[in-house]
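Got some structures for you, see below.
In what follows, subunit A forms one complex with subunit B and a second complex with subunit C.
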Partner chain A sequence: MEAVEQYKHERMEQAARVIRKSQLALQRQRYSILTKTGLYAVALLFLGVSLFPIYLIVTASLKNDVQIFARPPVFLFSPTFKSYHDVLLVRSLSQVRFIVNSLIATILATAIAVGFGSMAAYGLARFEFKGRKDLAFWILSTRMAPPIAFIVPMFVLIKSIGLLDTWWALVIMYTGMNLSFSVWILRGFFMDIPPELEESALVDGYTRWQVFTRIALPLVKPGLAAVAVFASIFSWNEFLFALILTQQNAKTIPIGITGFSSSMGIHWGPFMAVGFIAILPILIFTFLMQKYLVRGLTFGAVK
Partner chain B sequence: MFTPLQSSKAARRRTALILIVPSCLLLAIINLYPFIYALALSFQKYNMTRAAQGSRFVWFANYGAAFRDPRFLNCVVRTLIIVTGAVAIEFVIGFCLAFVLNTKLRGMDTIRKLSIAPVTVMPIVSALIWFYMLNQRYGIVNWFISFLGVEPQGWLTHTTLATLSIIAADVWQWTPFIMLVILAGLNALPEYVYEAAQIDGLSNWQQFRLVTVPLLMPVILIIVLLRIMDAFKMFDLVYTMTQGGPAGATETMSYYIYIQAFNFFELGYAAALAILMLILITIISQIFVRWMYREEEATAA
Partner chain C sequence: MADVRLEKVWKVYGGVVEAVRELDLECRNKEFLCLLGPSGCGKSSTLRMIAGLENVTRGDVYIGSRKVTSVAPKDRDIAMVFENYALYPHLTVYENIAMPLRVRNMSKSEVDRKVRYAAEVLHITDLLGRRVVRLGGGQKQRVGIGRAIVRNPSVFLMDEPISHLEAQLRAQMRVELKRLHIEVEATTIYVTHDQLEAMALADRIAVMNLGELQQLGTPSELFDRPVNQFVAGFIGTPPMNFLSCELAALGDQLFAQGSGFRILLPEATRRRLLGSKASGRMQLGIRPLDLAVAKAEGSQTPVAATTFVYEPQGESCQVTVQIDGQLLSIEADGDFVTEAGEAAWIGFKSDKLHLFDSVTGANLVL
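Presenting the complex of A and B:
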């Protein structure tokens, strides 16, 4: 469609202008050696502190039981993959089922939140009706409430439907939690699209649903990415609902992890291995989707 | 907005409904319904283990009991301390770091991308790794401070230290987040304002105070508010690291409500506490938003 192409062209020119400006800014800054050293020192200290616990997890997951508790701490050692072996293959300790449960819950919850959320966002952005603003505000406000407030009623409800300890329970809760920011972010994105694009599509004979799927949705891809990133992170890391709503079958990784601590103390080796498996996918995913993270985490408030 | 170019108003309304209803339905189930149910529960005395006896309506008795419950009042204070401490530290450090990492030095970009890592770590993993680091015997923190001549401390077994430990774990995880958002906000600031300021002969510090800070206010406001609301709900850290801490020193509201509901099974009381918590969060958010907007208007004038 011509109009869409033209719109995309304008956006690319805008982006090019921004890049040129920042290049100019780059040329303008000169720092003394002293300032530079100071800045780097602070930045590297921050990086070190941020990464140190993660470094601990990785190294501890490769240590044997003696080395984990060694004082002074062991920094050079020959790694062993026993912890990973235990955690994935030994039946009594196996976390594989938890990983699968987490994956299913996360993927489904993210997909539905993006799907339903984009629909609702589009509806709220483009259609006028009474109470539109109140509805939008209510959807946002659902994020304000502390999960602990919902947990008892939801536990009772889900138990009575017989969905306790199933994937569905988690998918329902996580999708619901993800919907609020999904709608909020995407509504902003949809409102940024010039209505003329859609109107010319309608003139060309597109149905309103086709306008949504073929014109509007592709144009908000960054928003969809932002929602997907944050929804995945939230669903994967979620603890409280999984704790209450699962018992045996649908336990997710976070709950599996708590299984490592018993009255006799914490089984550190396997925990470190699972811990790393738990954080690795999100680390990689976030690193790749960096630029969408800010938008996702602030509900589109910061662009 | 759509012009009357499309077909009937009914068709438009139908499309709008199809688009919006699924989300609203789901949200009504997991948000509206539990809220109403919790409200109703809060007016009853209902112990799950004595379900056979049923529940009876006691109206505001639960709420009255809450205000006379020393453990709950302690929780409120503890939660406020932890939230204020954590968010304040996160904001100050994150704010300064945003400027440091925004300088266009070589490698700063990579440092920035790597330092986001804590934000993505599963809170339960973060809690346990901090538990590991803070252990009195084999934790690495005590090993570090031994170089400074300080004795090994019981980080999770002393009341003040336990509170600090929880705050530290939260600060570790969320400071990069604040840094990232402020940095994004900084990069979104328009160039021409700075050019005008330089023409006007403003010094760097004046530029910072009169241009940067006021323009960043919306971003700061939102991010601090978000952090406050999230910090209030803190559960994972307390559940894992201290279970309410030595003698209730780190017992946050979320944790206490959990205890009431799933240890004591007093669902009615737990529901009342949850509603009170919701009210408190709302009040604090409102105060905060109004205060910050007044600041913003003052600086704009």
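Presenting the complex of A and C:
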């Protein structure tokens, strides 16, 4: 046992040494001014390419129709909120219902995936029981088949339950798809917690549940954040099952957006407005989770 | 305080790996008992079964008069100190020590009083406000011990608590633990693989190997009267020497005879062996300190040998000699000087000879 711990300790020390060395190398200005300028230029270019579409969307959503199509393109203009007004308040164009549906489906699916997923992951990580490995693999296997293979059976199933065109259907689908991801990632995080920490708490007087909520969960916050972000991005953007399983009432934003490119031409202003509204919640959420996220992505890798 | 009893305890992993086999063990009230043995001997498994962190496959565990075999760890009134400290990373020292009390809904003033008392006993009062991640190994372990003593449990369980510390710190902590035991007077069960630690700290030591208890006794009992070859070779530094030999009787004298040597066995040993059916190959055991070495043959040093290695160690020296292929390690006085290849003459202290059966390892003279 000690030999394993010693080995782990040594490997971590080795890794830390390598990281420190490379950090020092970068600091020591081994790169010439020319190389540095080049690197920054490339970075700026990359940033620009990534952010340009968002810039386009935001500015277009604030322009009137004339300004959108102006040649040369108009960079300085007085913004108008007419597009947003149309999209949110004008009945025929209103996207509010779609936004609400998306929010409900995403929040619920993410919450259940994180909540129940963490409990399942903890059970798989900590308890010994028959069929444990098989269960873990089965959970992973649910992500191995392409979802498109299931759209017909799922449609029939949901219809027969009577949940077609309700957000329940979406929550069920999205939770199912998020859970396996959640369990698999969090299991790794829970397994990284030294068991002595929990054992010490058990000896000191905590029940298993208290150990889970007060010790294990706080220690896997990066994992929880990572799972929450991925699950919410996936649920928010999901198009295929939203298209199949909803008709009128439960349509989500991705479906709503496609409505803007109809056979009668594209309503650019409102289109851009709803596009920006579609991105916004995820942008905000990811920005808030950011400090946990980077740590979360690399943490599980140092096994 | 209470005593701890294990009755016919087995621990089998996956139905196949027998980590602990039919263990009968008793730790008396207020006693410091060490579970000693090499890696994989079952000592940690035994400790964890006493703690309730592992299920007992067969048998029973008693703490005091209570059968605790199926009782949860938190209800056994035990406290445990772990090898890797197991402290809550981002809490302060105070919070870590207070934790077991807070779980039991103790009043704030009570908690404060007990935490400060524990901190004082362990000389960490000035560390109370510090975050645990900022502490060194020795300090962390003190916090771990503080967290254990703060609850005043019936039994203390320690799983190699100082094995991760550097040598000097370890020696210091050994003294601290001994002092603590005298002061707190707690029933303690301590797991270690370091026999020096066990000999220094324990009232009694339980030596284990391959899941079985080899011998349970005081440090001097284990040192002077080891029950088998494993215990003899494990206890004592430098370790006991073993020479292959056979019994040879000449008249009314009994000798231990091997290639290159013939040693007279004392009368008491001869009488003991006559009664038993002991014959055939056996192992002669003698500690390095119980051997004499000289440059010339003498009445005290009758056996011829060749020096293999000479290691000066200041006040003493360690000489390894070769008798017809078998190596013997001797601890001699610092002013004895020799070098590899030189002739040497060895003497065996007759009352310190041990004889072990080659097959079973049992001590034939006890």
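Rule of thumb we're sticking to: the second predicted complex is superposed on the first by the 257 of 303 C-alpha atoms of A that agree within 3 Å, B and C clash if a C-alpha of one lies under 4 Å from a C-alpha of the other, contacts with A are read in each partner's own complex, and residues count from 1 in each chain.
One rule holds in what follows: a residue touches a chain if its C-beta (ideal position, glycine included) is under 8 Å from a C-beta of that chain, and two chains touch if they have at least 3 such contacts.
Quick caveat, the model's predicted, so the values are computed rather than measured.
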Task = Once the structures are superposed on A, label A:21 by its partner contacts, choosing first (subunit B), second (subunit C), both or neither.
result = first
Remark   = Of the two partners subunit B and subunit C, more of subunit A gets touched by chain B
Inquiry  = Between subunit B and subunit C, whom does A:142 touch in the aligned arrangement: first, second, both, or neither?
reply    = first
Contacts of A:254 with subunit B and subunit C, given as first, second, both or neither = first
Ask   = Just subunit B (first), just subunit C (second), both, or neither: which does A:203 touch?
value = both
Remark   = Overlap of subunit B and subunit C contacts on subunit A, residues 199, 202-203
Ask   = Which residues of subunit C touch subunit A in their complex?
value = 39, 44, 51-53, 72-74, 78-80, 82-86, 88-89, 99-100, 103-104, 147, 151, 160, 163, 193
Key: Touching residues on subunit B, where the partner in the complex is subunit A   = 1-3, 5-6, 11-13, 15-16, 18-20, 22-24, 26-27, 29-31, 33-35, 37-38, 41, 97, 100-101, 103-105, 107-108, 111, 113-126, 128-133, 137-138, 140, 143, 172, 176-177, 180-181, 184-185, 188, 191, 218-219, 222-223, 226, 229, 232-233, 235-236, 239-240, 253-254, 257-258, 261-262, 267, 270-271, 274-275, 277-278, 281-282, 285
Inquiry  = Which stretch or stretches of subunit A touch subunit C in the complex?
reply    = 1-3, 5, 194, 196-197, 199-207, 210, 215, 219
Note = Per the touch rule above, subunit A residues touching subunit B in the complex are 21, 25-26, 29, 31, 36, 39-40, 42-44, 46-47, 49-51, 53-54, 56-57, 60, 68-73, 116-117, 119-120, 122-124, 126-129, 135, 138-139, 142-154, 156-157, 172-173, 175-177, 179-180, 183, 195, 198-199, 202-203, 208-209, 212, 233, 236-237, 239-240, 244, 253-254, 257-258, 261, 266, 268, 271, 275, 278-279, 282-283, 286-287, 290, 293-294, 297-299, 301-303
